[in-house]
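Alright, structures below, take your time with them.
Each of the two complexes below includes chain A, the first together with chain B, the second together with chain C.
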Partner chain A sequence: MTEIERHDYDVLVIGAGGAGLRAAIEARERGLRTAIVCKSLFGKAHTVMAEGGCAAAMGNVNENDSWQVHFRDTMRGGKFLNNWRMAELHAKEAPDRVWELETYGALFDRTKDGRISQRHFGGHTYPRLAHVGDRTGLELLRTMQQRIVALQQDDFAETGDYEARLRVFAECTVTELLKDPAVGPDGAIAGALGYWRESGRLVVFSAPAVVLATGGIGKSFQVTSNSWEYTGDGHALALRVGADLVDMEFVQFHPTGMVWPPSVKGILVTEGVRGDGGVLKNSDGKRFMFDYVPDVFKGQYAQTEDEADRWYDDQESNRRTPDLLPRDEVARAINTEVKEGRGSPHGGVYLDIASRMPAEEIKRRLPSMYHQFKELADVDITAEPMEVGPTCHYVMGGIQVDPDTGQSRVPGLFAAGECAGGMHGSNRLGGNSLSDLLVFGRRAGLGAADYVVGLERRPAVQAADVDAAAVLTLAPFDAPAHGGPDDAENPYTLHAELQRMMNDLVGIIRTETEVAEAQRRLGELRARVGHVFVEGHRQYNPGWHLALDLRNMLMVSEAVAASALLRTESRGGHTREDHPGLDPEWRHRVLVTRRARDGADSTDGAESEQVVPRVVVEPAERVPMRADLLALFDLTELEKYYTDAELAEHPGRPADPGRPADPVGGTA
Partner chain B sequence: MSYTGTFRIWRGDADGGALADFRVEVNEGEVVLDVLHRLQATQAPDLAVRWNCKAGKCGSCSAEINGKPRLLCMTRMSVFERDDVVTVTPMRTFPVIRDLVTDVSFNYAKAREIPSFTPPADLAPGEYRMAQVDVNRSQEFRKCIECYLCQDTCHVVRDHEENKESFAGPRFLMRIAELEMHPLDVADRVPAAQEEHGLGRCNITKCCTDVCPEGIKITDNALIPMKERVADRRYDPLVWLGRTISRRRG
Partner chain C sequence: MTATLEADAPAPAGEIPSFTVTLRVRRFNPEVSEEATWEDFTVEAHGTDRVLDALHKIKWDMDGSLTFRRSCAHGVCGSDAVRINGRNRLACKTLLKDVNPDKPITVEPIKGLPVVKDLVVDMEPFFASYREIMPFLVTTGNEPSKERYQSPEDRARFDDTTKCILCAACTSSCPVFWTDGQYFGPAAIVNAHRFIFDSRDEGGSQRLEILNDKEGVWRCRTTFNCTEACPRGIEVTKAIQEVKRAMITRAF
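Take a look at the complex of A and B:
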């Protein structure tokens, strides 16, 4: 094999979105030599697409807000399935992380007294989202990109080399993580192998700590708000080296994606439209969300249009509009309206802001939405309603990590951002991702730095592993071993089939029969993916790139389908038509996905399993919530989610079971 | 609603290339990028094109359509007649890597040369207070998605490779303006804008403003005000004197 390009770093961050950049900043500020690898150009990661805002209980607009209220909202949004320690750290640390961005140069929209303005969003009790119009993600990403440039400038001043301690490897895709089996009982991370998209040449990174910050999995679904990068690479890379995933059945379908024209179907319409006053209507012109407030949220939402409208200006004496229920509820409601024949001409419902505020105000508050509809659909949102419908948006499931350090079960492997699991439970609240990136990006950077500093011996990349990973990465250029040239599979065709199948069978509403059928078809795709053959050369060859991404999408789709089949209840981003209710016995259980072990899990060792290793999903018990956090909730609310036995210790219990415990920080 | 359109696409690499003709299906509501994707899936699997969000938000898919710098994902097919030949070529100002993908590293190099945001030393996080009116202008510039179409179109570098060394281009001159107009920034980049980043070479043709997909008024709101700041310094004898002295010392 020809000589491979090699680099040596202390911390290798895979992903240049919000989580990756924040992790890299932290590791570099701790003095470690840090590299960032990303599939697209620096500054283009998916985070730029985030629109609405970044949730942090700063209390700038409503001073009653506090970390406790934010924590409660997050747990409720996730239907009490969240990793509570993550939700706690997130709620406590998000304000500091947002303020820190101002010191890097971020310019958020302001309140009248000059502080960071905050907007309403679904599931958040108070106006909580720091924002910049409807391009908050761009602001976040650009700010951190510029912070990285600032750190490079410091290094230049000191050493004459911008890249002395922090370097970005853009348009470089990692295809395999590498371990040193001799460190610890199960080995430890030693580095990664990837390829330059531009030249197709391979590159090996040696690094004792790897932070995965690769984002989500949406490109496995046909209708999605996600970009091509979202192929679940981090999820798959982690599984391949022995880390676990959790909660993979929970996939968020955002209620409002564009539905027309077909080529833009799925592109996001920010929840900020509803946060700022937009309302959902069906073809009868009815504001239907009032009919869809589920029992667990009864009493927390307005019951009349008048009350809902008054709430925008006075949140103390009115309840919020049900247009701002958590996303899973709204998405299901839209799905039902359309199914029952009250949809819009192109199979969505109406989202009306035009009749709710003056045209100029709409353009000022929602400039990108105005632009997006004008340019892509010929719709003037200041004059007519938008047509919207659910779109695959976010994966709650991800790599299982230690909340405080971001470390997975594999020593040296860390994860943060959308590819990490647990924080959002069964459903993420809008705005809680950008803050998640900042809080846990920083923590993973810190965790990785501490780990590296504490190492006694640096793990070493094994030559044989590099060779094997290289062969696997270049395999799509080899004509298929079996059958004639006619058996060669086209990666674009396989991808389209996978997307359609996942959308139809493991989408927003699921049944046992459909998910089982999906598993069968995934089995067929797995056999075919080994026959993918790409034409052309290695230089910037999109067919090859897709062929490699496809393996990850397949592995992740198997995790989603297997988890969806096991969880026989409906909760958050997992709706089983055949098991429509919440089941408290499922609340305390978590579905864990891991790579099948040779022999033990009776895999047949087929060739396709090297390309796409099989996965196994098993239930495990969740760690019970710390008592002081549990006490933040009314007993009556907890009783809707918890089993009796779990609540025995609640302070509200023994004294007077009928009365709610003393709530902290105001009720919702 | 569908029809077969004719596309002429530049294919090649750093060593050269040529326009290739394709006949391909076009459907209602599609953008040029949709058609290129269909070409990849059906006729040219290795056609290199850079893209990411397909929603006009990331600035990856810059190219030239019928000679005009544009985003592939925001150019609707409905702006063409059915029998128009749609010609797609890579951005001309940057070296070609392959097909429609160019090497835009020039821009990242320029970005590094501009001194970063410099807050007042005594301001703690959480204490920043700025009025909305005072951040509006810099916020306009921060809408930039770094598509580099303005850099591509500016004649100072488009036909003059030799100017690249001494000219940051509209995007980064605007970055200087953004920092200069930040209400809390304490650094001074005005002399450097003129002397190191080539502000003087801009002769306010506004071509950059014309191609900006974000509709940022680069020339009127960033470049001209920066030129005024430079001019003010020049004519202010005290500033002039102060600078001459410090320069002699340095």
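Take a look at the complex of A and C:
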């Protein structure tokens, strides 16, 4: 390959959502030359779609809030599967990250005395979400975009070059990470290869540290709230280069996506609608959530409609409505109502705010929601109930990283935000993702900076690796080597098949038979993906873009399916109809996905092995929670999740070996 | 298994039935020809489908080379501003039934920016103007250890202009911008407004100096195209007027 455009940076950040921008700001502020590479235009990332807010225990609205309470809520929401160190750092640092954002210039809704206001959200004990109407994600992303412009202008004043230390490569897609095998025992990150969407020309980045901040995987599913760029790129790039993924069976289906009309199918109705008074009803008009409060949450939620309604105005002396249970509980409840025949005409249930408050009040509190549905689908939420159902919203699983630095097992490869795993355990609380990407975006940027500064020798990109990655990137333009022209596959068709299959067989409710069938079909798709052929040239060719994204979606889907098959229990974002209970023996195990050792290395490997390497999933033990953090929970609560043996050392446990274990709280 | 959606459920009374619609799309591919051409595509649309849904149907089922930007498809990211029947709109926020589907609906790239391919334009000149007006909070003195206080009233003062999604619908609807590519354009002024009227900001005078330039705010001829084009309902022309007034009175 000759004359490939080349760039040299200290830190390469892939993805320009909240995590990527926060990481880039940190690396630049530490004095490192930093590049941001993103698939879409700068400032258009999926983060803009976050509506509810950013969870941080600032205590502005209720001073009883603290990092400990936030930590407990987060662990409970994740059903004690969370990487506890990440949950701890997150709860402790989120307030500083929000305040810092405010000093960057972020707009927030304010309390009467001028402080940042905070709102209620599902699973959070106190009003905790800093917000801007229902456009918090947009403001958060825009603020960091503005910060980057400011830093570039500082650099211009100092050096005469806006891009001296921080450059954005927009509409540029990375297709392969590159390693230097001579550094360390297993090699280290040396850079990446990508292409410009506009020209189709290839570009090579040399960089000793890469921060993946590519977001989620939702476009592998048919019904999703995710943006079109959410194709699991970071997950797949990490796997390909030897990093591990964890918790890939845990996919969050947001309970209230629109199911009708088709133009808005999958689009989210923010939890804020329920936080502000909207209630879920079935086709009988019944508020069914009162029937679905699981044992582990008994006592924390209102048992009558009267009490639930009083809670909106008086939160001290009433318990909250079960409409605000964690997302996994609500999603399963809706699914059950629909399956038992009490759903809406288009396979959802009703979310009613229209009959609960005057139209003007709804427009004032939820302006974006009102306008969005009016404009996107001619639905007036102040006049009629919405038809809602679960929509693929977030992947808890992701790249396994060191909690403090964000580094993966591959030296020089860091990850933050949704593409990193562990923080949210089996289920993420609403509002915890904006705070996650601020806390861990900063930490990954810092981790990458420290790593680069400490390097003795700069890893070098290998010419042969560049050539191989280039061939693979351009492969969709080559007619299939085997078979006739009729064997050429259309990427749009394959994508639609993948989405439907994942939705039906590895969706919110799973069984062994169906997941095994999904694996069989993924095998077929893998063979066909090698035959994808796109027409036309490289210049802004959407078919080619999808052909490359499709490889990533397929690899990630295999990780989800294989993990979902192994975990024989139901917990958070993983529900097995054939294993409906929570199993404490699974709590302390984590499923790790890695690239299969054979395959890529085998000389006789099929071309599909190169295009989409095979993955293997194996269980490993989770690191036990530090004692001082464990002590934040009542023993009676821990007993619902932990095995007896794990709690034997707990200080609250009486030394009585004959004591029987509590029955496990099933939540199916 | 997961309860699946019933795609073919009968339409309840009052629902708009499906219909056939023709999209007349401006095509341009510099690798093939220097000339842009119109091409008609006829698709079956659901009653509440948007222009973006029709563009997707064309791309997926009829012509995989049709090129346009879209990301969130919710009207929040601002990637898919196009000119529909001669007016700037977001394809994801425009219902087909609202743009007279009885006749062919024209879809073309927004004006005043170089076309890259089909409906994709080069946005860099637009972002360059945005960067020029110092779109970031300017403050002096020590940063607070926590937050700056701001009253709800002060915060409400510039709420409207914080809704901008940088889609360029306003700027590329402006006749002044079409004829003079140097003009900052409405979006840049809106984003300057967002900071000029932020009680925490101290860079107002600098920004007003920038906008007092010959390509600045005085080029605005108050045609209201921008206000009409804004998919976020921002009163763009009003914001520009407020900036003009601030320039004269130095009160903001």
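The rule is simple: the second predicted complex is superposed on the first by the 648 of 668 C-alpha atoms of A that agree within 3 Å, B and C clash if a C-alpha of one lies under 4 Å from a C-alpha of the other, contacts with A are read in each partner's own complex, and residues count from 1 in each chain.
The rule is simple: a residue touches a chain if its C-beta (ideal position, glycine included) is under 8 Å from a C-beta of that chain, and two chains touch if they have at least 3 such contacts.
Predicted, not measured: the structure shown is a model, and the values here were computed from it.
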Self-check item: Partner chain(s) touched by A:349 [first = chain B, second = chain C, both, neither]
Solution: neither
Exercise. Scan A:577 for contacts with chain B and chain C and give back first, second, both or neither.
Key: second
Exercise. Check the residue A:511 against both partner chains and state whether it touches chain B (first), chain C (second), both, or neither.
Key: second
Exercise. Have a look at where A:536 lands relative to chain B and chain C in the superposition and call it first, second, both or neither.
Key: both
Quiz item: What is the shared patch of chain A, the residues that chain B and chain C both contact?
Solution: 40-44, 46, 48-49, 99, 102-105, 107, 109-110, 113-115, 132, 135, 138-139, 142, 146-147, 149-150, 152-153, 198, 227-229, 261-263, 267, 371-372, 375-377, 490-492, 496, 534-537, 539-543
Quiz item: Within the complex, which stretch of chain B touches chain A?
Solution: 13, 27-31, 34, 40-41, 45-60, 74, 76, 97-99, 101, 103-104, 108, 111-112, 115-117, 119, 123, 125-126, 128-132, 135, 138-139, 142-146, 179, 182, 185, 215
Self-check item: Complex contact set, residues of chain A against chain C
Solution: 40-46, 48-49, 58, 99, 102-105, 107-110, 112-116, 132, 135, 138-139, 142, 146-147, 149-150, 152-153, 198, 223, 227-229, 259, 261-263, 265, 267, 335, 338-339, 343, 345-348, 371-372, 375-379, 389-390, 490-492, 496, 503-505, 507-511, 514, 534-537, 539-543, 577
Self-check item: Touch list for chain C against partner chain A, complex
Solution: 1-7, 9-10, 12, 15-16, 29-31, 46-50, 53, 59-60, 64-67, 69-79, 92-93, 95, 97, 116-118, 120, 122-123, 127, 131, 134-137, 139, 143-152, 155, 158-159, 162-163, 165-166, 195, 198, 200-201, 233
Exercise. Mind listing the chain A positions that touch chain B in their complex?
Key: 40-44, 46, 48-49, 95-96, 99-100, 102-105, 107, 109-110, 113-115, 117, 132-133, 135, 138-139, 142, 146-147, 149-150, 152-153, 156, 162, 198, 227-229, 260-264, 267-268, 368, 371-372, 375-377, 490-493, 496, 534-537, 539-544
